[in-house]
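Take a look at the structure set out below.
Labels for the chains are A, B and C, by order of writing; each one numbers its residues from 1.
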Amino acid sequence: MTDQLFTIPLWADLTAVGLGGVQGALFASGFRGQRRLDLLGVALIGTVMGLGGGLIRDLLLAVRPSMLSNNWYLITAVAAALVGMLLAGPLRRVNSLIVVLDALVIGLFGAFGTVKALALGVPLVPAVFVGICAAVGGGILRDVIMGLPVAIMHVGSLYAVAAGAGCVLLVVLHAFGIDYIVSGFAGFALTAVIRILAVVFDLSLPEQRMLYRR
Amino acid sequence: MTDQLFTIPLWADLTAVGLGGVQGALFASGFRGQRRLDLLGVALIGTVMGLGGGLIRDLLLAVRPSMLSNNWYLITAVAAALVGMLLAGPLRRVNSLIVVLDALVIGLFGAFGTVKALALGVPLVPAVFVGICAAVGGGILRDVIMGLPVAIMHVGSLYAVAAGAGCVLLVVLHAFGIDYIVSGFAGFALTAVIRILAVVFDLSLPEQRMLYRR
Amino acid sequence: MTDQLFTIPLWADLTAVGLGGVQGALFASGFRGQRRLDLLGVALIGTVMGLGGGLIRDLLLAVRPSMLSNNWYLITAVAAALVGMLLAGPLRRVNSLIVVLDALVIGLFGAFGTVKALALGVPLVPAVFVGICAAVGGGILRDVIMGLPVAIMHVGSLYAVAAGAGCVLLVVLHAFGIDYIVSGFAGFALTAVIRILAVVFDLSLPEQRMLYRR
């Protein structure tokens, strides 16, 4: 069964890690001053957002985390977090970039999580669960570490909904025999589009709104 | 050694998951309005309470979580959380049901956690530890996700005491050669009875009291 | 390759567990009254600090936690936490003991985490990451469980810096072919010295300062 042989290409995984790191550092930079996040804290949040989704996915699947398998995951995440910190100054008000990056990252981690679970022989329903956890896990880790109320629990469950829709589409396509690349891309795209549309139609960015309200 | 062959029957595990899901959703429903837990949040808390104990047990034991092994764990937990949400309206004031369910769930997760650890060759003392973590883990996860002070750390350590007493009884009986079914049932019963007696004699429901006080 | 055969001696691991347990209970005792940590809570925090670092290390490495491999880890941690509680009365104002113990514990967990990762075949960069997580993990677990802001995120990132410096030294020495005992001791010593010097020159004990400020 070729299922067992499928692995996510390293460049794709590192792309998700890099985008997550940039987004996390941009997000955390908006906080400076209010809660005394120092530069190292911002870099750490960026790194957590870059690596958290994959780490939670691998912990759930009880396999050695892919971020421990070679040096590039950590280097990419830390470098991306630094890039995010540098961009944070000029881009402070350009929230749309944060939103788009966020949508891409959720979509990528959701799709990769679901695909890896399926490839390891996990049934359809828990594979969707792993995908959702991978998609929202970085954000939950961030909120717990920063001592914020976990965003996903309040107001903005659209995160989980967007991730869930994409992961369900992925497993349904996979169940009909469509290969991982096509079904994975479809799941990624659906999640990202739902997230972006939700923002465009002002259903959301609830997380950011909530934070600014405080 | 037959130890290595013993597995908890699926129906028993799913019973614990279902009761945990109902109890978690009932508990979380009492919150609505105060902290803006939307319906999806209540469902999520119910699901976390149904699956959290088993998940923590399996993460500690470094085995693939049983909830990923087939589709029924997640379906049971989500369905139970929905049942809990439906019951929450009529039963809002019937705290005794929440208490009894809570006692049963702690007892079941404690016993299953200890038995699974023993069956995997874990020695007696850490097997009790795994049982206690499985019993109280769902509640800790819930508190962390909801941003509450972790109940077990304050006031109501009776949770851990009740779970610990049952798990110790279980490993002692097991050490005397009594099989898993009898010793597991004895451990479950002791934990549940201690929890219920604690409430009857007003030593407790400290968690709920604390929450209402806020 | 002898790498794969290297294991940390039990007595060394138990020393780290014991020092961590004493330090954690001393630290938690300073809280009594303010947040209603009962005695069982103090014992629990001590135990978490004794076992948390090793547990996080082993979860990351996806191996069965060493604390589940025999009875002595838990017995040592609980006994150490009780010793810490007994010492807390006479020593309440002797902060320097807490600081020194803290530095030793961070150094030990950092070195053991890095060595175990290297011995399991993890590359250099993620091995440093595992070491840092093992060093600061107990403290993060404690803060999350106690509902405190995670100390490492604010003000005093010197924790992570001290741990990181020691772990980097360790992997560099190891890469030059120096054996685990010498390189591990060098890494441990560097971390502990940085922590203690930071306190002596008043760069720190930021965690404690922050807590007293509340």
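To be clear about the criterion, a residue touches a chain if its C-beta (ideal position, glycine included) is under 8 Å from a C-beta of that chain, and two chains touch if they have at least 3 such contacts.
If you're wondering where the values come from, they're calculated on a predicted model, not measured in any experiment.
J.: Going by the touch criterion stated earlier, list every chain that contacts chain A and also contacts chain C.
T.: In this structure, the chains that contact chain C and also chain A are B.
J.: Can we say the copies chain B and chain C touch using the same residue numbers, with more than half in common, or are the two sides different?
T.: Homomeric contact, different residues on each side for the most part.
J.: Distance from the CA centroid of chain B to that of chain C, rounded to the nearest Å?
T.: Chain centres of chain B and chain C, defined by C-alpha means, are spaced 29 Å apart.
J.: Going by the touch rule set out above, which residues of chain A reach two or more other chains?
T.: Counting only residues that touch two or more other chains, chain A contributes 59, 62, 144.
J.: Quick check: in the complex, which residue numbers of chain B touch chain A?
T.: Listed in rising order, the residues are 35-38, 40-41, 44-45, 55, 58-59, 62-65, 67-71, 73-75, 144-147.
J.: Going by the contact rule set out above, which residues of chain C touch chain A in the complex?
T.: 59-62, 117, 122-126, 129-130, 140, 144, 148-150, 152-155, 157, 160-161
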